[in-house]
Amino acid sequence: MRVGEWCYELAKELWPIPRSLTGPGVRQTLERLRRELPLLNIKSVPTGYQAFDWTVPDEWCAKSAFIETPGGKRIADFSENNLHLMGYSEPVDATLDLDELQEHLYSLPDEPDAIPYVTSYYRRRWGFCLTDKARKALSNGKYRVHIDSTLEPGHLNYADIIIPGESEDEIFLSTYICHPSMANNELSGPVVTAAIVRWLQSKKRKYTYRIAFVPETIGSLVYLSKNLPHLKARVVAGFNITCIGDDRDYSYLPSRRENSIADRIAVHVLTHQAPAFTRYTWLDRGSDERQYCAPGVDLPMASIMRSKYGEYPEYHTSKDTLGGVVTASGLEGGYLALERAITVLEEDFVPRVRVLGEPQLGKRGLYPNVSIRGSTDHVRVMMNMISYCDGERSLFEIAEKIGRPFWELRQAIEPLVAADLISVT
Amino acid sequence: MRVGEWCYELAKELWPIPRSLTGPGVRQTLERLRRELPLLNIKSVPTGYQAFDWTVPDEWCAKSAFIETPGGKRIADFSENNLHLMGYSEPVDATLDLDELQEHLYSLPDEPDAIPYVTSYYRRRWGFCLTDKARKALSNGKYRVHIDSTLEPGHLNYADIIIPGESEDEIFLSTYICHPSMANNELSGPVVTAAIVRWLQSKKRKYTYRIAFVPETIGSLVYLSKNLPHLKARVVAGFNITCIGDDRDYSYLPSRRENSIADRIAVHVLTHQAPAFTRYTWLDRGSDERQYCAPGVDLPMASIMRSKYGEYPEYHTSKDTLGGVVTASGLEGGYLALERAITVLEEDFVPRVRVLGEPQLGKRGLYPNVSIRGSTDHVRVMMNMISYCDGERSLFEIAEKIGRPFWELRQAIEPLVAADLISVT
Amino acid sequence: MRVGEWCYELAKELWPIPRSLTGPGVRQTLERLRRELPLLNIKSVPTGYQAFDWTVPDEWCAKSAFIETPGGKRIADFSENNLHLMGYSEPVDATLDLDELQEHLYSLPDEPDAIPYVTSYYRRRWGFCLTDKARKALSNGKYRVHIDSTLEPGHLNYADIIIPGESEDEIFLSTYICHPSMANNELSGPVVTAAIVRWLQSKKRKYTYRIAFVPETIGSLVYLSKNLPHLKARVVAGFNITCIGDDRDYSYLPSRRENSIADRIAVHVLTHQAPAFTRYTWLDRGSDERQYCAPGVDLPMASIMRSKYGEYPEYHTSKDTLGGVVTASGLEGGYLALERAITVLEEDFVPRVRVLGEPQLGKRGLYPNVSIRGSTDHVRVMMNMISYCDGERSLFEIAEKIGRPFWELRQAIEPLVAADLISVT
């Protein structure tokens, strides 16, 4: 099975779980992920835990929720689509006029067939989300609203996994698991991250890898509050993994420092894998880089995405579906970009040519014997690469200099190293 | 009264005074300014004073001047328009044929209704300036030319004013007072400068301010010759104030070093106040930056202008009038740009956010309660600003980084400082 | 005689000599050059000499070569055009069918009237080059092929000339002498270089000049192997001189470091002499900069060319002729660019204006008396130049800064130096 399909199948299983910042949905999600990643450490902090400027809120558990129309029909039923219930809705059981009800309804006039995703984590209220079409069809009369939820002291859950490498220096990956049934934002993130973890576990590693699955914002702040000195000492590069499953765009959003090695590699990979990719700036940020790259934190963490949050029409609605937005090939492409970025980190080195002047490749059989179209291009790339193997630049820097992908040079340099023409510093 | 109107009224009073490099016109102008700025120190150096490579010339005093036509009509009468007499004309009383007279006449065939402004400071001659239309109407015959002027050892006058601040470091402003009746070049300069002086005197000041009113070129050289070591030790930024009164363009001309703090602030202010402003280069220079930024002098002095000298059709002609070229709103806009530039110097500081991770603005009531159009933009600007309050950048640098005007951020940061979220370094 | 004509005449004499990497053609060429440049030192290394990664091959001497058609006609006769014989062809005397012969023939279907230039230095074979038109006209039958050549241990010849200057620091020029009868690539190189040598010998020199005439690739490697420590210690700038004789393009190819003084001067000269010149990159390289700028060698050596090798249709064919491609004016233009580049190296200095503020040029008679069109431009250039004579920039850097050619400023600064206004550091 191709990795994109594997991701897609896992996303299908995670789809119906009603995730939020806290509560059983997060736990179920992490437990399902642990079946794929047995080393996953699931952790928690209690309600009231102080993560820098933020406080972990009560745990929210929603059991059922619906509106009953004057005609006795159940609509906006949480059991049908978990977006119908505004996240963190307090419990209610009441009968209201339509006018009163309207103040608790959320819909999108511009997207009349989509249920919007709405939350109210830090102010107590209740609400229902529905399509604008359904809302417009409501007639006057008495409506019963029913929300069976609890908001009580409990826990916030998150998880991480540490995969050791030759070095204690770390590559840090983070993704989030707090959104209900939406595909690109967010299920693409945890499933592609899971696939990356499986690949990392299967290979020799120069770096140690730390992968976090956290609720967005408060979860990353909790994670930082628990690990900041360690992360600042060890992390050499990181990627925030989100919105990485559709087939439309590729995109990049920088770390606050903008030119960390993670940034430069992200741009390099996308430049060659998807030259038309969109370059966002720090001012366009909106995910956990807001925490990971905040002043005083400043982890070197970039985002490699497909269509960015906020930038595609189905974002934060019921239309962000598996199939409708996210595809196996979309996930595969996002996975590949991340795998390539990590491969640069793993396999870069500083090559030095061991002869003065150009080496004579002919006598070593390193010239192609048959001159078919393209083979001279290959020789040209090889000679250009050698011309920069001066012991001052890394192979990644050479790739940037000559405008070829790292993965092409990594392959081209192998026979030269084997022929002892290039020394590995 | 708005400041632009105040400037305009003052310019009207200064208009008729027959200024030149030296002589009673300069003194009358400085005395009139001293009525507004009582602390103004009026100074002088004698004819023959050596200012670096230049020598102060004889003092010129023109009492009357005119041409009498063969028909007995007085034309080019100095008492009607002080541009009619070439600056520094020597005395003459003679009768000439039209052919002989022509060698002493100056007009502009391309601007047939304008009297040109012509001077001959360093070579003795005499001349009259008139419209090309009037010149073409001259018929053959005997012309009497009469110039009652003196060119004798005397003085060159200039003035300065020192306004102390908390620091002995100085901001240096210079403008010139040697042109006869022309409005943008030059009356806009001294009147806007006078308004800036009044504003500075009315406020708390971080810096000490030094403001010079000097005849152009020789006057700035004299000022430098008297103050160079002090200026080089103390001046942190400066502006040469000229051509700052019309309503058409805004423009910037750099210091020789190009990227002094004065340059960067000038560009910042104009970028936000008048995005279509014209950026000139050092090669376009033509005013006292030629002296203030010369090799070995090198004060960090930029020019913020409206329509630059040499770049508008009425330049150096009788058409550069109050009303025709200079307006109250033009002066107001120029004043505002200078005030804003000085405000950046005065109010910049290095902010540092006092929490790790993003602060939670909601619990402090720093989020707008009502989400009207534009309010989310304001929150976005505030969050972007906070994201750079890392104790490494000044607020001005943050404004540059996020592409917002300093004055917007200065206002937006106030409640954050008050809430103790941002510390002031 | 203009220098372009002198070059053209010398090229005509060198034209028929059958040059290759080694052999009598190289020696004849060097001896002919020595008649113009008596100080030329002709040198040699034996077959088998190891130059870094390369080995000097056997010496090749071709005496005669032709194909006899079934009809008894001699074609592809070496005595008619020395391109007919593949360089380094081994001897053969045999009779073949057309099918067998075809495997030894080289022609260009896209350029049916051109004889291609083909060599096989490092693999033994034989071959004939002919026009595609002639090849297509061959009918079936028995062909006699005759090549009277030797491939035996001998020597590789090269030469250099050292022209001492005030300093032991060196300017290094290199050109190659291993191509048979082709004009732009390569005869333009040695003839323009010879003209430059004659000019250098005729003038006062700040630098010592080292000029090498070498077979391409193996010759430059031999030269480096003999002189590397000296070259690395002494060479401050260098130019590889090739393809410098046609009238079409001007072009520049950088050193590997890209911004050496040789690079910056080359770009400066071409920017002003031929603003539409082509800028190649290091990735477009193809001549001896591959050796001179290789990692660990890294001489500061740029190429100033007319139409670059590989970039004009007649390249490496019999159509690259004197008259057809190379002209006296083309050679003159290439020579002039090189002479100007060397003049920058020779005549640059750090000027400092000796007065504070702008100097008063009028009292020194340095303002033009008559204001004809262009004269104010000249004053403007002079004032701009003076404004940067701060003792920090060289005249070349000032020329770059104000966008004028070095040679214009060099002339403009003379009277200022003579008037003691500018000091020469």
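Things worth noting here:
We just call them A, B and C in the order they show up, numbering each chain from 1.
In the analysis below, a contact is a pair of C-beta atoms (placed from the backbone, for glycine too) under 8 Å apart; a residue touches a chain by one contact, two chains touch by 3 or more.
Bear in mind the structure is a predicted one, so any value in this text is a computation, not a measurement.
Comparing the contact residues of subunit A and subunit B by number shows a mostly separate set, under half of all numbers used being common to the two copies.
Superposing the C-alpha atoms of subunit B onto subunit C requires a rotation of 120 degrees, rounded to the nearest 5.
A straight line joining the Cα centres of subunit A and subunit B is 55 Å long.
Multi-chain contact residues of subunit B, defined as those touching 2 or more other chains: none present.
Contact residues on subunit C toward subunit A in their complex (touch as defined above): 51-54, 122-123, 217, 220-221, 224, 228, 256, 282-283, 285, 290-291, 294-298.
Within the complex formed with subunit C, the residues of subunit A that make contact are 352-353, 355-360, 362-363, 380, 384, 387-391, 402-403.
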